Structures are given as C-alpha cells and as structure tokens.
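Order of writing sets the chain letters: A, B, C, D and E. Residues in each chain are counted from 1.
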Amino acid sequence: MLRLVNVNSYYGLVHVLKNVSLHVNKGETVTLIGANGAGKSTTLRLISGLQSVKGGEVTFEGKDISRISAEKLVKLGIAHVPENRQIFRPMTVIENLELGGYLLYKENGKKELGKTIDEMFARFPILKERENQLAGTLSGGEQQMLAIAMALMCRPRLLLLDEPSMGLAPLIVKEIFNIINELKDQGDLTVLLVEQNANAALKIADRGYVMETGKIIIEEDAEALMKNQEVKRAYLGHDKREMWEK
Amino acid sequence: MVETILEYQELQKNFGGVVAVNKLNMTVDIGSITSIIGPNGAGKTTIFNLTTGFLSPTAGNIKFFGNSINQLKPHNIASLGIARTFQNVQVFDNMSVLENIMVGRHLRSKSGILSSTIIPPFLRKEEKHIKREAEKWLEFIGMADDSQISAGSLPLGKQRMLEIARALAMEPKLILFDEPASGLNARETLAIGELIGKIKESGVTVVLVEHDMELIMDISDIVAVINFGTRIAMGTPAEIQINEDVITAYLGD
Amino acid sequence: SKKEEPVKEEVKQEEVKKEEVKKDYVVGAFFAITGKFASLLGEPERNTVEMMVKQVNEAGGINGHKLVVHMEDTQGDNSRAVKAAKKFIGMGVCAIVGPSRSGSSMAVIPVVQKAKIPLISCAAAESIVVPVAERKYIFKTPQKDSDAVRKIYGRLNKKGVTDVGIITGTTGFGNAGRGQLKTLAGEYKINIVADETYSPADTDMTAQLVKIKNAGAKAVINWSIVPAQSIVPKNMKQLKMDIPLYQSHGFGNIKYAKLAGDAAEGIMFPGGRLLVAKQLIHHHPQRPLLMKYKEDYESTYNEDASTFGGHAYDALLIVINALKAVGDDPEKIRDHIETQNFFGTGGNFKFTPEDHNGLNTRAFDMITVSFGEFKILGEW
Amino acid sequence: MEITNQDFSNLLQYIFMGIQRGSIYALAAMGFNIIYNSTGVINFAQGEFVVYGGLMMVSLTMTMNLPVPVAFFFTVLFVMLIGILMERLTINTVKSPTVLRLVIITIGVSIFLEGIAMVSWGKNSHVLRHFSSSETFEVFGAMILPQTLWIIGILVFIALGFILFFNYTMTGKCMRACSINRDAARLVGINDRKMVMISFALSAGIGAIAGIIITPIIQMDYGRGTMLAIKGFGAAVVGGLGNSVGAIFAGILIGIIEAFGAGYISSHYMDAIALFFMLIVLFVKPSGIFGSSEASKLKEF
Amino acid sequence: MVIRDYIFLGIFLLVMACVPLLLKNDYYISIFVFASFNCLACIGLSLLLGYAGQISLGHAAFIGIGAYTSGYLTTQFAWSPWITMFIGVVISIIIAIAVGVPSLKLRGHYLAMATLGFGAILYIVAVAAVDITGGPAGLNNIPPLNLFGLILDSDKKFFFFSWSVVVIGLLFALNLINSRVGRGLRALHGSEDAANSIGINTSSYKIQIFIFSAVFSSIAGSLYAHYVTYIDPGPFGIMHSVLLMTMVAVGGMHKIWGAVIGSLLLSLLPEFLSFSTGYFKTFGIEYKPDYDTLVYGIILLSIMLFLPEGLYGGFSSAFRAVKNIVKRNGKKAKSSS
C-alpha cells in the first residue's frame, strides 16, 4: 500500500533521513521505533506531505506521492496525527472535530459530518463533555484524544500515528491501542505507528522497523523484534537489572 | 519526625463550570519523592500551576514550609526555592544549551540592568561564575558535549533533560516534574529515573507527575492518586498498585 | 573632485565646449513635491521652476550664463529639507528657492544663515522672515498671512459682521493663520465665537461646524492649505449653513474649488491676482506678467495655474534679477534682493532691509468662486 | 424648551456623523479581521484597498462614465485582483513566515501600492458623485446625507454576511483554522494556500466597497491609506481581533467618540480623545471588548 | 561568540571614524548625522523587539519627548543642553513607566496598538499644545551643543559626537545582551512561562527594557534638536515609529547589529534615490522623485521577502558561503598539490 525507497530528507543543511526504505501492506499495522531524534517523526511528516522529499521515491497504492501536497494526500486517504497534539487551540472541541471532518463534509454533506462526530463522541465520551471548551484548555490527555478523533473524522485508509500514547494514563493508553486494534480489525484501516512505548506498540503490530540516526537498522516481525536482544535492551526496558549493572 | 515541605489545604480551582481541583488535602515530606498520578484531566498539571503561582486558587491554601504562598507571583515562588518543568517542554529555543542553564542561575546572581550595561561581560566575575556553575549542571545531566547547540534543535529527550538541568541550576529546595518521561523510550526513561534519584540524594524534594507506571513504582516513596481533582488514595507504591479504586479509575486491570 | 554631484558632472561634460565662454549659474530649488497633503503646493512649484529654467536658457541664459537649477523633493519632511539645503550648499549654489512649507523653511533657516546663502522661501508664515535682523539671508514671496487676515477682517467690518467662527488646519500654515486671526481680532473688533481645528488627514468637519453654528457665528473663516480645506464648504452645505465662508489665500488653487464642487460657490478669499489675471483691467501693471505666466504654464502642463506656482515664479524671478545685475556671488545677490522693486505674480514686491517679503494688503484682491471659477469680488 | 431641542438635534447630528465615520473604521477593521483570521497577520495594506476602491470608482464613473452598479462591480473585482496578486506575489512566497515579518511585508506592499496610486492617479484629491441625491434631509433637526444611509446599509449587510460566514460556514472555520495552525489545517485536508488567497480577495473586496461608498463624502487621494489603516487597526483591536461583531461595534464606537470629542470637548484633541479611550479599553480588557483573553493567550504572535 | 561582538564594535568604530575623511561634502556628513539618530533609537528598539520580543510602535514619541524637552527648556530658560537632555531622559523614563506598566501586559498586536495609540496621542499634543511646543510652527533658535567649550555647530563636529554616542550606546547594548539581564530578556522572549518559573520577573524586565529603549530614543531626540536647532511635530509622528521598527526588522531583529545596519540603510536609501535621479537622466530614462516611494517600497519588500533574518542574516550567510567556498578551494588546492 505504502512504499518508501531510498528516501532522503533534510532540515536546512542537516541530513535527517538517509536512504530510508520501508513498506506497509494493506491492512497491516506497522510500527516504527527508535531513539529520540532518530527521524521517526520526520518519516511520517514526509509521508503526509509536510516535509519535502529529496531523492528516493514514495508511493501510495502504486502512485507516486512524493510531490503531492499534504492537503491532497488527505483526500487520498492518508491521515496523520502529528506529535505534540496539533489541534486548533483557540477553537472549541466541536469546531475542531468539524474541521477534522472537512473533507467528509465537502463530499458527503452536513448530515454525515454530524453522524461521524457523534460516533467520535461515543468513542471518546470525555470529548462530549468538553464539547464547547476551547481545545487549548483541555488536559494533555484530552488533547491527544481530540487529535486522534480529528484524524479519524475523515475516515482514512492509512493512519499515521506519532506517539499516540504520549502523556496518556495507562487506562487510556490501553483504550487507544484497543481502538487502533478495533479499527484494524474492521479490516479497512492500515496503520503506521511511531511509538516510544515499544512494548505496547509491538503487541498490536504485525511488523516493526527500528530506526537510528536517520537510518532503518532492523526490519522484522513484531514478535521477532520483541525477542531481539538488542531491541529489548534499548527500547523495551526489559531486564532493567541487566541495564543497571552495565 | 519528618518535616513537611509542602502542604495543600482544601485546595480548590474552578474554571468556569469545570472543577479542576476539588478540596485537595495533601502533604509532601521533605527529602522524599512524592508522585501524583491520576487519569487525564484529573487536575495534576493544575495543581502544579497553582503551586508555582501560574494560577491562583479559587479557595484553600498552599503552604511552603508552613507559609502560605497563595498570592505570590511565579517568580516570587521560584525565589523561595520551588522549581518546575512543564508538560509541554519549554526550553528557550532561541538560545544555546549552555545559555539555557545559565538563565537558570538567574536567582543565584545579582547584576541588574545598570551594572550589566556598563560592565562588559569579560570583566565581570559573576559572569564567569555563572558559566562555571552552568557547565557543572550540564556535566551532571551528561550533556556537556551539546553545550553550544541551539536548544530548539535538540531531540525531545535531551530537551527534557535540559529543562531539568535548568531547574536544578536554581538550586531549589523543591522541584516539580510534570511528566518528565513522556515521549521518551524505555532507555531514556531509565536515565531520567536515575537522574531523579540523584536529585533526591542531593537533598532536593521531588514531586513527580507521570503516567509511566514502571518509573513511578520504581522511584517513588509515596504515591498520591488524584481523580476529578480530589485525592482518592495515597500510600507506598506497593499499596497503590493493589488499591481497587486506583485500578478502576486509572490503571485498568 | 569625486564627491561632486552626478548632475554637475554631467553638466560639466556639456560645459567642455562652452567652458571658455561662461560658467553656469547654479541655483538650488526644493519643494514638497511628493509629501502627503502638500504636493498640491510642490508640484506647481516644481513645474514652474522647470519651465522658467528652460525659457531662460532658450533665450540665451543670463548674460550668457546658463542657469542650472538643482531640484530636490522635501516630501514636506523637515529633516529632508535640511539635508537638501546642505546638499545645495555643498554644491556651491548661489541662491536657494523654496521650500514649500513653513515648517521646512523654519528648519533650514539656521543652515542657510550660517552658510550665508540667500533663500527665497515659498511658504506663507510671516515668522519665516521676522525678525529680519536674525534672518538676513531669508526672503519669501507669498503674501503675508496678517495681510490676508486684514483683508478679510476689513471686509467683515464693511459688512458689519462681528461674530465669526474660525476653523483652521493643524499645519504650520493653518496654525500661523489662527494666530493672526486671534491677534488681529481686537483691532478690527471681531469677536471669535468659536475656534476649531482639523488635521490634514481629517475627512469630516461637521462636528466642528455644528459647534460654530451653535455659537451663533455670522461668518466662517477657514484657514488651511491642504486638500481637506475643501471639505469644509461641503460640510457646511450638508448642514445647510448659509452664512458666508471665507477662506485663506491657501485656497488659491482652482483644484480646491473643484473638489468642493457646487458647495464652493460664493466662497470668498483674499488671493493673488494670478487667479483672476484675465479679469484684470488691461492696463493693470501686473497683467502682462500674469497672463504670460498663466498661458505658458497652462500650455506646458495642461492644468490651471495656481498661486503656489506663482510663488515659485516670483522666487526664481528674484534670483534671476539679482543674477542679471550682480552675478552669482551670494553676498551680492542678497544685497541686491533688498533693493528689488518689481511686479511679480504675487503683487508689487518692494524689498527693503527691513522687509524681506515686500508685499502688503494691496497684493490681494478679494476673490470669490462663481460658476466654478475664480472671480474678482469688486472692491467692497 | 427651545434649547433642549437644539441640544437633541446636535446630539443626533453627532451620532450620525459618528456612525458615518465609524462605519468606515468598521469596514476597514473587518478587512483586517478576515486576513487576520486566516493568517494571524495584520495587513497594513488594507488602507490601500480602500484607496484603490475609491480611486478606481472615480475613474470608472467620472472619467469613463460607466453606470454606478457596473462600475461598482468592476471596481470590487479589480481590487480583489490586487488582493490576490499581493497574496500570490508576497505572502505566499515567504518560506519561513513569522507574524512580524509578514506584517512588515504588508507595510512594504502598502508603500509600494501607495507609490503606484500616486503615479497613476496623480497627487490630487478626487471627487465622486453621491449614489443618490447629495441634498441633505432633516431628521429632528439633524442634517443627514443620503449617502450616509447607503454607508450604514451596506455596512449592516456586509457585517451580517461575515458573521454568518466565519462562525457558521465550513469555509469560514477553515480560514480560522489556517491562522491557528497551518500544518494541522493541511492535515485535515484544508488547502491553506487557497484559504489565504480567498481571505485576501475577500478583504480586498471589502476594502474596495468601503472606498467606493466613502469617497463621495470624503474625497479620495493616494495618501489616505495609512490613516484609514491605522484607524481600522484600532477598531479591530479594540473590538477584539478576529471578531466581526467586535469590529463593527468598536469601529462605530470610535467614530461616535471622535464626533462627541470634537463636538463637546475640543476639536484640537479630537483624535487624542478617541485614542485615549482605546487605550483605556485595552488596559481594562487586554484582548478587546469582544475578544476572549483565553483564546488570545492560546494564539501566538 | 561574545568576543566577536566587541571585535565588530572595534571595526565599526574604525569605519565610522573614516567616514568623514572620505566624505568632504557637509551634505553627505549630515546624512550620516541624521542616520545616527535613527541608529541610536533603533539600538534601543532592537533590545525591546528582537531580544525581549515586545513590539513598540510608539518610540518616535520618546524621540519627540527628548527633542521637545531640550528645545523648550533651552529656548525658554536658556538652560544648558546637557541638563535639558538629562531632564528629557528623566521625563521619558517617567512616561515610559506610565505607559509601559499597563501596556506591557498586552501581547502581540494589542501591544502594537497600545503603543501606536500612545505615540499618536503625544503627537497630537505636540501639535495642539501651541503654547509650549509652538504647535505646527515648532520651536526655533535651539542652541547647538557645547562640549567643554567646543561648540558643535558644524556637521563634522556633530558627526563625531553623535556617532560616539551611538558607539557608547552600542557598547552598552552589547554589554547588556551578554549579561544576566540579557539572557533573562531572551528567555522571556523564548517562553514567558518558563522564564517565570526560574524566577525571572518578566513583567518587571519588560518594563525595564522598555524604559531603557525609551532613554535611547530620548537622547536621540535631544541630539536631533540641538543639531537641527529647529523642531516641529513632523518627525515624531507614528509613521516614524513604524519606520524605526521597519529599520530594525530589515536589518535583522535578533541582533543588535541588525538595528545598526537597518537604520543606516533605510536612512541613506532615500538620499541615494534622490541622488541617482541624475544617473537615470544620463541614461535617458526619465526618473521623477515621484517614483521614490515606489522604489523604496520595492526595496523594503525584497529584503523582507528574500532575507528572512534581515540584512544581517543575509550578510552572515553570504559570509559563511564565501568562507565555505574558500575552504573547499583551499582543500582542493591542497589535495591537488
């Protein structure tokens, strides 16, 4: 469904992605893990069109998307929940959701929009309670839920999630991973997930990539990754004692 | 007997209709690591904002070493020796890493606008001292190599470390951490945990808000659980882990 | 030297051939050509000067010397005026014409006084040339504002009107006029019942006029030099105020009357005769000169001549007269100006060491607007 | 009795005059708000739109003798085109925009447009015929121009349109979204560039209309833009940036205060009185009369 | 880093000292004298705008306060210009406090409007208070400065004096930004909350720096008055405030040097335009002063469009590029040899 081949990217003069290749098959959940600053978020930004591609190719369902702008990619079915809760802070929760469903509204009209918003409220009841509050005044976790809900509003086929569990309470994290699982089980959603909580991510993922300083260093099945000694030590936090000793 | 460093009495904060903190009573022992956990929107950050003067309470009292600090401005509270970090990291991204920490020495240095104007930096003793101290703290968090990098281009984990070092440079008596490990991977979380341990050893009291249970259980002396702005439980990590209320409200099965 | 002005260099190149013949007479001229609110002054002034230079040189120059006028735009800005004056002085001009506005004139006085270069200002405020002892090198061509006030007050006396409302613009010109109106009121037993102002950027003076109306004024005097002055008659019409409106000599550009449209009908103001040259009796001593200037200007620039252009005409004429008589030594020019007695567009100039304007009330005719044109209002 | 009647008609006169002045401030402020709402930037070339509206209308009706409605249409179209060009050639090309940088760019554009207007329309003031009669009529002793009614009517019409637009239509909300967080807006499928362009077009259109309806009363020249922009900016800020109701309310309020200041206190200090009032409002309500301080804190400058 | 600023200062001092030697004509020198006033005001403004992140569209008013205090007291009471300059500073401080305390609670565009309003009010007062300020007619016969018996009545003398003042101002500003206070200012620009949390009294800092920059402007105003020896409200209007801010931004607002470059450029540009009229003529192009506004707008626009960090940023990246090329060539040369 999605394929990156030898992709490079720069921030100014800094070379942040170096020949990154990865692919995500339809219906799969793939996770991307790696240390801070490895370039995971950049990879997602690049797929969703926020970051420009220098060299290499990016295809979505066989179509070259490396030159397509972010807003058009949404139309193709790619939704991106960026890190740090990019919501419209001075607008109300409901307005945020409406905007999330902008394309839906444009194609299917107001009714469908209302219906989908209700669906989201059913999924995230706390947002319903905060309906008319300014999004910027929500608690961190509430904002994260809103961000995810906004992305789901336009019924994407490929969902790019950047650290969705960041700052969320364990219960909610479980809930969010459940939701991802559910969406995936419904069969029509493909997920590319960037996570620090590698444990949880690998549990729901089919495959995983490990990234370090702008390069993909490992690609394996999720289960295999969980057993990989290197990965365990670096990202899973297992065997802490072992670490302490080191 | 252990001394109390911080005390909340019937603390209350309303935002319009929303009661973010509701009749909270709680104490923090000097020299301890006290953790506050609770669901999203429970009011944890609000408690920090009240403690550091960014918000003022609707009702109730906050006492630091027995003195009420309700009405003080953030910078006054900082000068009493309370430092904090932010849930959304707030480093000064228009400055280098070293300068970020040098700013942290603000309260420990004196020169005012007039003397700063007249005396060039290389003739000023204080300036050298500030720089030395800042380098020391940079060493402490293990980021000495990054000193000249612009803080804005650091990866998140390092920004959090930097924020902590900046707070430490104040040499506070009490330090409040708002989710220091969020967005960090297990290895980095471990490093933060280690750092917090070191901070405690140096005699600074720590209050910690965090969602990473492993970290909480690892390093806390006391855990308080907040829901809907009130305390629903308080105890040692072991006690909390098996508390039914906490499990249903927060941890999940 | 390298630091010479480019224009001069260019001039020099042309000179190569004529060098043996005679050197150029270099004069500086600066006006508010582009500044906001003031370009209605500066543009006709610049045009006039450019036209005159051409005429003079086509006629073989001044005693065989080519006349070179270096032009600067002050934009109505004082510091630009000062810089321009210094530029002229650096270039070694023998006299300076301009600037257009009173404020700029005041700003450049110390500079030219010190450099001992005669300056003939085209701005109205009387304070530019007094006290003469301190303003040895400063002259001006526009009529005095006190004379304009006298002319208006004299007419009011004749008509038996005592209660007037004054409304003045907050520019150097308006402010000076306001001062004179207040100072001379006692002498003419005029009672100023309302004293209002408006800024050059103002677009509506109804509030001020309502106040004047309510104060029981029997006539309105509007003193300003910017386009906003033509809103006053419009507003008066709107308020159905049918008391007479007097304007200052700053109204001396038919464009102002046109802006006010039919509201301008019946406005009276003391003005230079240039505006009504055609209506002058044939043997009026000013007439030939006025007609010539007017026709030249109007045929060259395809727009109506205004008194402002006339001020520049007079100023440059003074310089040319002096150059003809004594050559281009600034000191001699200055001395010569103090002896000049001639008819210009502004009236009969009689300069003396005590009077650096040389005009009196007789320089004015009372003019009115009738069917969109300026007409002489028969003396009393 | 006589005196109170007089007082009343004066009061009425001042109020009408204030509304007429204020309507222009309100329209300028609304123009600011539209662009502010999609970019977070104050467009200091807004005053130039007004000037171009007035001057173009003069050319079309007075010189080319087109009928008013036709000229109106083409003038608005023309100025909207200028707005679009301005956006495409300047704002849109900026790679790393900060608010301050963009604001200064708009100042640059305004200087440039002013220069063009000066060269093409000359430095003279221009007059425009009134839409209907230019004869005043009397209401309780106050003299009112029919043009004033035109101004008020058009203002109300536009105001209603914009309130509905920004608060209840998707496009309106999208524009606001763009000003808050461009990346996030793009990620929900909003074409941010298009939104910004539309907002420039709309704002230029409003400016043009303001210019057209006011020119018969105030005359128009190339240099009027700055002052109009500053007054409109004042109204926008006092009303609460981005808030259309606030803009109208504040614009008219400032107009009335100016009129009262000139009428009852002193014309020498008329503008100062209005400005002083603006300062007081800001000190008491730091984000304008209708602005939410919370929302403004959540925005970045 | 820090040292570099002071090296620049030394170079700057040398360059400015040479300017009058190169320019024989008083006119050119006077352009630089006028530029020095803008430069001084812009240095102050850059501390406020670029370092503390607070906008002010009212600084021309402080220039006016300095100018009028000097002008009024020297002409009315014949006080020494040095004393009146000092009084101007004191008055500016008082007014800066009165205006700054309520205004600096505002943010962004609201702050811009408040300072703009303040500037406009003072301008109106200068126009309307005829008895004190002379109204639009202004004040004349202001005495020139007298420096230990040396009367600064020539352009060259004034040039050296006013640019010395600028250099001292520059030195002070550089000291300040490289100090505890300067870091505090930048911190509050970066994040006000974070600055507060480490004990920086941000509101007090904002006011202090507002006052500080007002003092710079006030001195510039006094110098202006004693140089021109005539003042009227014209040069102290809000458009001049906007111009000052534009100078800072065009130069590059995150560096003091940006203010210096920007103010020099925008002060000299109009003169250059009027100067080049002659050149156009030699090429047979008819260039009228009417086009000045247009060209000025285009230049301002181009700088802001193409140089995100202003001229200073443009220069330094050009410098870096050149350095890189030199390096690379150097390497090549080495490797080939």
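Definition applied: a residue touches a chain if its C-beta (ideal position, glycine included) is under 8 Å from a C-beta of that chain, and two chains touch if they have at least 3 such contacts.
Keep in mind the model is a prediction, meaning the values are calculated, not measured.
J.: Can you list every chain in contact with both chain A and chain D?
T.: Both chain A and chain D are touched by no common chain, going by the contact rule given at the top.
J.: With centres defined as the mean of C-alpha atoms, identify the chain lying farthest from chain A.
T.: C
J.: Farthest chain from chain D, going by mean C-alpha coordinates, please.
T.: B
J.: Report the inter-chain centroid distance for chain B and chain D in whole angstrom, where each centroid is the mean of the CA atoms.
T.: 48
J.: If you average the CA atoms of chain C and of chain D, how far apart do the two points sit, in angstrom?
T.: Distance between chain centres, rounded to whole Å: 37 Å.
J.: What whole-Å value do you get for the distance between chain A and chain B if each is reduced to the mean of its CA atoms?
T.: Spacing between the chain centres: roughly 29 Å.
J.: So what's the Cα centroid distance for chain D and chain E, whole Å?
T.: Distance between chain centres, rounded to whole Å: 31 Å.
J.: Could you check chain E for residues that touch two or more other chains and list them?
T.: Only 124, 128, 290, 292-293 qualify.
J.: Residue numbers in chain A touching 2 or more other chains?
T.: 137 - these are the residues of chain A that touch more than one other chain.
J.: At least two other chains touched by the same residue of chain C: list those residues.
T.: Within chain C, the residues that touch at least two other chains are 34, 170, 197, 199.
J.: Which pairs of chains touch one another in this structure?
T.: A-B, A-D, B-E, C-D, C-E, D-E
J.: Under the stated contact criterion, what part of chain B meets chain E in this complex?
T.: 52-54, 73-75, 78-79, 83-84, 86, 90-95, 99, 102-107, 109-113, 116-122, 124, 126-127, 130, 163, 166-167, 169-170
J.: Using the touch definition from the top, list the residues of chain D that touch chain A in their complex.
T.: 170, 173-174, 176-177, 180-181, 183-192, 292, 294-296, 298-299
J.: For the complex, give me every residue of chain B touching chain A.
T.: Residues 15, 18, 37-42, 45, 87-88, 153-158, 179, 182-190, 211, 213-214, 249-252.
J.: Using the touch rule from the top, collect the residues of chain A that touch chain B in their complex.
T.: Its residues touching chain B are 14, 33-37, 83-84, 126, 133, 137-142, 144-145, 163, 166-174, 196, 198-199, 233-237, 240, 243.
J.: Of all residues in chain D, which touch chain C in the complex?
T.: Against chain C, the touching part of chain D is residues 6, 10, 13-14, 17, 20-21, 118, 123-125, 127, 136, 138, 143, 145, 214, 217-219, 221, 223-224, 227, 258-260, 262-263, 267-268, 270-271.
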